[in-house]
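Here chain A shows up in two complexes: once beside chain B, once beside chain C.
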Partner chain A sequence: MQFSTNARIFCVLISRNLFLFSRQLKSTLTDCIPPLFTQIITFGYLFPLIGMPSSMIAPIYLGSMLTLFLQLGYAMVMKTGFDLHYNRFIDYHITLPISKRWLFGSYIINHMLEVLLITLPLYTIGILVLHKQFDIAHINVYALTLMYLFILTFFSTFFLAISYTATVHWIMDNVWPRILVPLWWFSSALVTWKKIFAWSPSISYIMLFSPITYIAEGMRSALLGTDQFIGWHYCILILCGFIVLNVIALNYGIKRKLDPV
Partner chain B sequence: MNKPILSIQNITKVYQSKSSITRALDNVSLDIYSGEIFGLLGVNGAGKTTLSSILATLHPPTSGDVLYNGVSIYKDINTYRQTLGFCPQTQNLDQALTVEENLIFAGRYFLMPSATIKERVALLMEILELNRYKNFQINQLSGGTKQRVLIGRALMHNPKIVILDEPTVGLDPDIRRKLWKIISDLKTMGITTILTTHYLDEAEVLSDRVCILHKGKVSLIESVAVLKEKHQMDNLEDIFIKITADANNLG
Partner chain C sequence: MHKNIPIFFQFLARDFYTYKSRAFTYIINYCLIYPALFAISIGYIQSNVLFGANTTQSSTLFIGHILTIMLVVANILNIGLLFDLENNRFIDYQIMLLPPRLVLFERIIFASLFTFLITLPFFPVAKLILGDSFTTNNASWLMTYLILYVGSLCCAAYTLFVVCTIKSSRTLRSFWMRINFSLITFGGLFIPWMVTKKFSSILGYLILLNPLLYITEGLRSAILNDPQYIQAPICIAALLVFSIFFTLLAWHYFKKRVDHI
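Take a look at the complex of A and B:
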């Protein structure tokens, strides 16, 4: 009985977000399509002009597209942060007859769905435009699906944890320079990890601390299927660890900020 | 007097930070009866909002219990929540939705059938005079209209208890009077109303009984008529000032 009530309210919470998502789709796409095309042009055509080997186009494109996840995550962090600080719509959701686990589970799933619905078509468009660089036969659909699921879970829990552990003012001032930019630049998003290792093992080890490394490498491994990247199995395993840390931080933030029943 | 619908038993709420410990509620016990309008009064920081947020299940008490029809609400909190409508002090409507959509989703969250939602939305829009704002975004509304939408949202699932936390704060006198009418109509609908306010005229007009909280403790619980008679004073404001002054002197 309780399970069914929780599940049904959970579905209403998801449907509200999908309803809003469909309403805002045009504006979201307007924000996301320009970066897609600038990245396709930059990494697919301009960088090869200045000497980047064509074998690197696909891996670099896959890594560079991760900025979309950061952009969408940051938007969610700001929305949640503002709500917690000013509007407090969350207080209404807390008094609904649904357990807290289901409620926050719906927030995680909502963000995952939103990001999936935006990034998947954009990734696909990019792969189609750069089809000469992608060997469709090498794509491991099973690995790619799993990898994508873990990437979405990681980003959703990561950004929700930031929203609940930091104040909105701290987020506005610091989240890019102190969290997102270091995670991005100290990762193998724009160069494959094995290339970095070959150049400087110590720097490559530092990059292993960034979850973006496993996300970029896991995507490459699942889509391009060669041994030039960290295997997607390892990436998923390590992402699991990061997700657990995110959930612990989120749990702590919820208790501290909301003190719910 | 009928059986209490809500029984608050020895509720204490302590807020702890690195530098201080604040006892917002200190061993508060009181009963609220079915169908009454119960006014919670007190100066700023008396513990009114803390108590109403505990009753609304926003926060747990540090100790003590709340019984709904004799059973602890914490045994099956979601069943209790089904019976509850809450209007918080902050006008926390869903900014992304229109007025009508806010009400529709309020019905859907409580798993009401679509046909019932439609009827209920139409009824509440009529009662709360919201029809002309049906398709307005929340940020297009005045404070008074937002408050009416908030009350509509709280009433959507036909709750047995409604908690109104400072529902008229910052509103024009004529809008306050309109809201008073709406609040007194809740009584005729058989809804138990817990009204948190620091407007004493409002409490005097609307409440069947009032509870004065002072520094987290119950100073008194009484009907307005009995209070006037006991203190030989004409209005609640004078009585309130006297009681809080006495409590301060004792403190």
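Take a look at the complex of A and C:
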């Protein structure tokens, strides 16, 4: 198939989805505001009252906000899962004169754009509210942009891979307890990795298996810029590996769900 | 009335039978994975690394996390009614056999019993994993399990009230994000009521209206036997009042949905 045809339909799919998304952006942002302020009060103001050092507020806030990515990703998994199981709108998409790689590329980009439009303002609001804990002079804009791009790519490919490799009923019953919650709690999202390493090296090594560790640490490294976190270069490098794994799983899932012959 | 009693129990038996096939999945997820994850990550890692906690403090942090399981399980059990109201309306057949109020009451009793059974192993599993790190020396187990049941009853009544109130299953995610997320976090998931009150007396008094707070406070009081938490008998009384309140509201909205005379 020609590049121009692929690119044209790709753009149409993206713009169509953005149009649909723009109609529910206000409602989705409103959904995310109560969790944002709940997190800010809990991690920014209440945790220090039970003994957390105030120097940890900024890193913990950055990690805790990753739950938003999980919530939005889960919504995408459910939408795709229901479509694959019931509506099969995908059958129409497959008949379009666009190669499968471009088609699934458009799904990934769509999800990345949606998550970006929701999380970026929310992160910013949180940082503004907790501005005393954030030293803006330390922000590395280049690193942050690159890190955010890789985080979005990781979550997009990860959740799309889940929706194509598992059935919707399995997802509903098991994806939180068996995949997302273990990845979340056995990561350094709510504690910095170097602190865990200082306390128990063996447990800190286990946490290196969770991609959320690199996401949280990379964000902290790019935004807070101290040597208390795993460097963002390493985080991006390892996230690349995880993204490749996601794409392999996605390929397998697509073959199984859409091309059973 | 006496004719209704056997039907009531047959409906109850039917509900248990319906969920028998999924019981194994629930047992793995909610009786093993969640307690183990919460015990290791919150009761052990987070509390030590983040707060340098003593055993009482780590137990305080850990106990509140049973809330997530309770509300999620009660929600899963009652959500079926929402889908049924939108599609099959098996409920119409049920209300021909049993007065609608009893149908609703049966669902609350079923959901509360099932949720209670699922949460039963939470603390024993945690004790096995955490050992002495989970303080149970002064625990009143009878009071603990009494609160677990009344808490399950309150969660069941609350989720059924939500199911009868919200317009469609599409708004359920928004409801969780906007309401339930904050209810869980300010319901003592991490932070006891005293600490929130110390931070802001207005917020402290406001969250006394949160029914979930009485579950965590009651459990902390029953297990740790510390007078700084709201005393267990007060929590039981509050949970019973909330359960009755939500049941009455559920009846009211259920009547509107099924349009019976």
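The rule is short, and it goes like this: the second predicted complex is superposed on the first by the 258 of 261 C-alpha atoms of A that agree within 3 Å, B and C clash if a C-alpha of one lies under 4 Å from a C-alpha of the other, contacts with A are read in each partner's own complex, and residues count from 1 in each chain.
By definition in this document, a contact is a pair of C-beta atoms (placed from the backbone, for glycine too) under 8 Å apart; a residue touches a chain by one contact, two chains touch by 3 or more.
These numbers come from a predicted model, not from an experiment.
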Combined model on chain A where chain B meets chain C, clash or fit: fit
Touching partner for A:Thr95 - first (chain B), second (chain C), both, neither: first
Contacts of A:Asp135 with chain B and chain C, given as first, second, both or neither: neither
Of chain C and chain B, partner touching more chain A residues: C
Smallest separation in angstrom, by C-alpha atoms, between chain B and chain C in the superposition: 12
Chain B and chain C contact sites that coincide on chain A, given as residue numbers: none
Residue ranges of chain A touching chain B (in the complex, touch as defined): 2, 5-6, 8-9, 12-13, 15-16, 20, 87-92, 94-99, 259-261
Chain A-facing residues of chain C, complex: 22, 25-26, 29-30, 33-34, 37-38, 40-42, 45-46, 48-53, 57, 61, 72, 173-174, 177-179, 181-182, 185-186, 190-191, 195-196, 198-199, 203
Complex contact set, residues of chain B against chain A: 56-60, 74, 77-79, 81-82, 84, 86, 88, 90, 92-97, 105, 108-111, 153
Contact set on chain A toward chain C in their complex: 27, 30-32, 34-35, 38-39, 41-42, 45-47, 49-52, 56, 60, 71, 75, 173-174, 176-178, 181-182, 185-186, 190-191, 195-196, 199-200, 203
